[in-house]
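Listed after this line are the structures, all set down as structure tokens.
Below, subunit A partners subunit B and then partners subunit C, in two separate complexes.
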Partner chain A sequence: MGFAFQERYQAGDSPLHLLDARVKVVATLLLILGIVLTPQFAWPAYPLIWALLAGLSIIGGIGIGRLARTATLALPFTLAAITLLFTTPGSPLVQVLGLTITDAGLGRFLAIVLKSWLAVQAALLLAMTTHFTDLLWALNSLRLPATLIAIISFMYRYLFTLREETERLLRARASRMAASPTGRAGGSLAWRARVAGGMVGNLFLRSYERSERVYAAMLARGYKGQLRTLNAPPLSRRAVLLGAVPVAILLLIELVALIWWR
Partner chain B sequence: MFSPILALHIPDGFLSVPVSLIGWALTIGIIFLALRQTRDQLGERQIPLMGVLAAFIFAAQMINFPVAGGTSGHLLGGVLASILLGPWAAVLVMTSVVAVQALLFQDGGLLVLGFNIFNMGILNAFIGYAVYSAAQRVLGSSRISLIVGAAVGAWLGVQLAALATALQLAISGTSPLNIALPAMVGVHALIGVGEALITVGALLFIRQTRPDLLGEPARSATRGTALVAAGLVIALAVTLISPLADPNPDGLERVAEDQGFIETAQSAPYEILPDYTVPFISDQALTTIAAGVIGVLIVAGISFAVARVNRRASEST
Partner chain C sequence: MSHHTIEVDNLSFCYPDGHAALHDVTFHIHMGEKVALVGQNGSGKSTLLLHLNGVLRSTSGSIKVGGLPLNDANLGQIRAWVGLVFQNPDDQLFSPRVRQDVAFGPLHMGLPDAEVNARVEKALAAVRMSDYADRVSFHLSIGEKKRIAVATVLSMDPQILVMDEPSAGLDPRARRNLINLLHDLHDQTMLLSTHDMRLAAEVCPRTIVLSGGRVVADGPTRDLLYDAALMEQHGLETP
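Showing the complex of A and B:
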């Protein structure tokens, strides 16, 4: 299918897996904030931040290379920043196709790409070591609207069911149309779009009716409009301290960067 | 491949922190309104219905069709969701979709999630719905009005999401507006056609099988919709125009100086993009824009509250 639909969570019992999910969520957001706020031209800061994340990935049993590779998934978006190479005032470095790449432009571009790559690694660390239900539970006890969290956990519950439903629809379409060896699609564009649209409509009706059945089943079990969850256990001081360590290290890097490398 | 869906999911690092925070402020406000509206409308059905339909939009984004030259069209889904469920419910469905894409699949960043939700779930949904319901009013609820309204709404929804993304990138200093805007809007002019075709196809199918689901959405579902849509358009317009219309000569003068200095320093015989430094990306412009957006929001909030009080008064008499 070629669709990024695999869960990133890696089951395990590393210290990172066992850490309170609330601490992990807050620490991840702080790490990403710190990464984005890094002074642009503080070049020594980037390898240090990467070393911090790599260290965490070893503790979490993920592996440096795997984390770094998976984090390249946001790289296509760098196209959006590529014009900075040519448009930032600075001294010219190279000429490409008649466009001048300036040193300041190259610097700004690299800084954005690196920051984005590091931020994705931080987000991946969270997703790879925290089961999604734990993540939602953490967001819930961090006072996000309970209804929204309930909707998202419902979505998660039916995500993979509906994916399989979609795969069946796609397989049915593929077996109805005999693909030509040239790979050329048959029919007019409007006809193809109509078929795909029909599949989407079909999927909507199946989903809608499924939601009605689910709701009836919930009512039969005594549902009153709110999902009930267990009370959150108190946050242990040890967990908070453990979560504060990487954030403190990043803060240190940022301070040094602000003072000496900017 | 440069997937069209990916092109609108901004990763972390591409928006500056102040811009990201403005996005969160806007989005959180609208999510709270949407939660209240759908609870009033759906009651205890809210959670299972919204949850399953969010999974539907996520899965429907997998359905593609070949367009030409190896590219394929597929769905973003915000406008389809808002036509089927009303814009407030669509906000919640799309919020869930975009949030799960960021949290579970790292498609789009966490710090910039506010604006990602805003672009793909709020702007998209409200504008598309406003166009669709306008077509229904003008042309009546016929097959033609469904096709025209949904097609124009879906196309415009994608365009505005792309426009907003380009604007946010420009304000953050990531991509100059005079390049980002034509590039984003140009690419999405084509992607929008795919979105329009597939949205219309889906609606025609549903019209044939379950026409009851496409009936006039309940009055309660649409209240405040026009207001929000208008507010969003005004906010966008203000954001686009305000920095350009800023008559302050200091900024322009300084840039002119910079430009002169650069040209003498570089002494390049030819430079294709001599004027492509964007003169208005500065803190001052950012504050102007922020002030504009916040102002529009406050006005929208007040008129919303006034409209509510008025309705209560008229209901009680």
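Showing the complex of A and C:
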């Protein structure tokens, strides 16, 4: 069954895996910000940024090719910027379906594609080297609202339980969808839609009832409406310095780009 | 003041939809007793257990835990005293990692971090799951989840352990491990709701039989569980 939510995390004990998750989250956000702010026609900057990310992925024990390939998953979203091809003023290159593609338009579009691809690689690097629960812990100690953290954490905990429940329902349906040798299997479209609708409703009810039982379990252990967590250990100077290295390298690339390649 | 005791007097309870689940239930459990609560499905066992630490509240009848009447003022204290282990460990283990779940109770009791960590280690050691502290809950087997569910309440250092169907869904070895664990826990008064008559016979010297929301028998396990007529009448069977 093709369920899309699988874990990106790759277990390991590389320096990237062991680095304090808080440092990794902040460094990744800074890297993404830097990538997005790259002057758009500073073409030599892009391979340099990619080399930085590739270097990090080697340190993290994640294949360069794998990271690059996985990041292409996000490329369809750049189609949102496709109108830039035709609407940016510049010298015309080609005519497509009566629309004119300009050189400036092509440049801007390519820059957006490259930036998205690089930014997604930076985010993937974080997701592949940091366990989801550590990520949540880091976001929590970085003062993201506790309610939001709790919602994501419950989602993470029960997504897999829900998936198992869905699989059981689908299996139960499949084992009763017999076909006679002559007839067409599965019934009419309307009938199948009704069955699917019933299953969704069933899943919702089960989840709703589970949420009540979970809440009872929380109350039973002293929950009073305020989630408490252990205090985070202090950040080590070493972790912060390590996290600052890639950010500093990117800063350097951006400075060069701003001064010479603009 | 008495510790480790449960006193339930004339407790009745109706669900909001009008379904009457408990009628005039009365029993007293003394310090250190291990009591089995048996009865067929729908006899009110789970409903009764949910009253013991105030998840469900009835307006009719009274409950005293450790000598304290169950009311709004004592609710926090009583929840710390009564460790309730739910039937489905997927409901009990709601945190992503084992350690977070075992720490949940002590943290919400307002204990300092060092004490919380010490209790987590001690509770996991008591159920022999110390190696599982950093595991992710949903990858565990049901037997492992069950033991950790027990640890999540042991970490609150409860006086009373209340368990709903502790052996449901366990394979023979996991069930045997659980029975050994229940034997080994001496510090707590215990109330186990169960369909597992052999577990009741092995672990609990005393049994309460619930039927249609009423207590129909209360006495030594060896007298009640081996009374074939009584068991038959209430949809149960002898061990």
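As a working rule, the second predicted complex is superposed on the first by the 227 of 262 C-alpha atoms of A that agree within 3 Å, B and C clash if a C-alpha of one lies under 4 Å from a C-alpha of the other, contacts with A are read in each partner's own complex, and residues count from 1 in each chain.
Rule of thumb we're sticking to: a contact is a pair of C-beta atoms (placed from the backbone, for glycine too) under 8 Å apart; a residue touches a chain by one contact, two chains touch by 3 or more.
This structure is a prediction, so every number in the text was calculated from the model and none was measured.
Touch criterion met: A:S153 reaches subunit B and subunit C at once. Once the two structures are superposed, subunit B and subunit C can be ranked by residues of subunit A touched, with B on top.
In the superposition on chain A, contact of A:L162 is made with subunit B only, not with subunit C. Using the contact criterion defined above for the overlaid structures, shared-chain residue A:A74 touches subunit B, although it does not reach subunit C.
Of the two partner chains placed around the shared chain by superposition, subunit B and subunit C are both touched by A:K224.
Contact with both subunit B and subunit C is seen for A:V214 once the two complexes are overlaid on the shared chain. In the superposed pair of complexes, A:T133 makes contact with subunit C only, with no contact to subunit B.
Using the contact criterion defined above for the overlaid structures, shared-chain residue A:P44 touches neither subunit B nor subunit C, since it reaches no partner. Contacts of A:P15 after superposition: neither subunit B nor subunit C is touched. In the superposition on chain A, the residues of subunit A touched by subunit B in one structure and by subunit C in the other are 132, 153-154, 156-158, 161, 210, 214, 218-219, 223-224. Residues of subunit B touching subunit A in their complex: 1-3, 6-7, 9-14, 16-17, 20, 31-32, 35, 39, 43-56, 58-60, 62-68, 73-75, 80, 84, 92, 95-97, 99-100, 102-107, 109-111, 169, 174-176, 179-180, 184, 194, 197-206, 209-210, 213, 258-259, 262, 265-266, 268, 270-273, 276-278.
On the subunit A side of its complex with subunit C, the touching residues are 132-133, 136, 153-154, 156-158, 160-161, 210, 213-214, 216-224, 228-231. Residues of subunit A touching subunit B in their complex: 1, 3-5, 7-8, 28-29, 32-33, 35-37, 70-71, 73-74, 76-77, 79-81, 83-84, 86-89, 91-92, 98-100, 112-113, 115-120, 123-124, 127, 132, 135, 145, 147-148, 150-159, 161-163, 165-167, 169-170, 185, 189-190, 192-205, 207-208, 210-211, 214-215, 218-219, 223-225, 227.
The residues of subunit C lying in touch with subunit A in their complex are 50, 53, 55, 76, 79-80, 82, 84, 86, 88, 90-92, 94-97, 100, 103-105, 107-110, 113, 116-117, 136-138, 152-153, 156.
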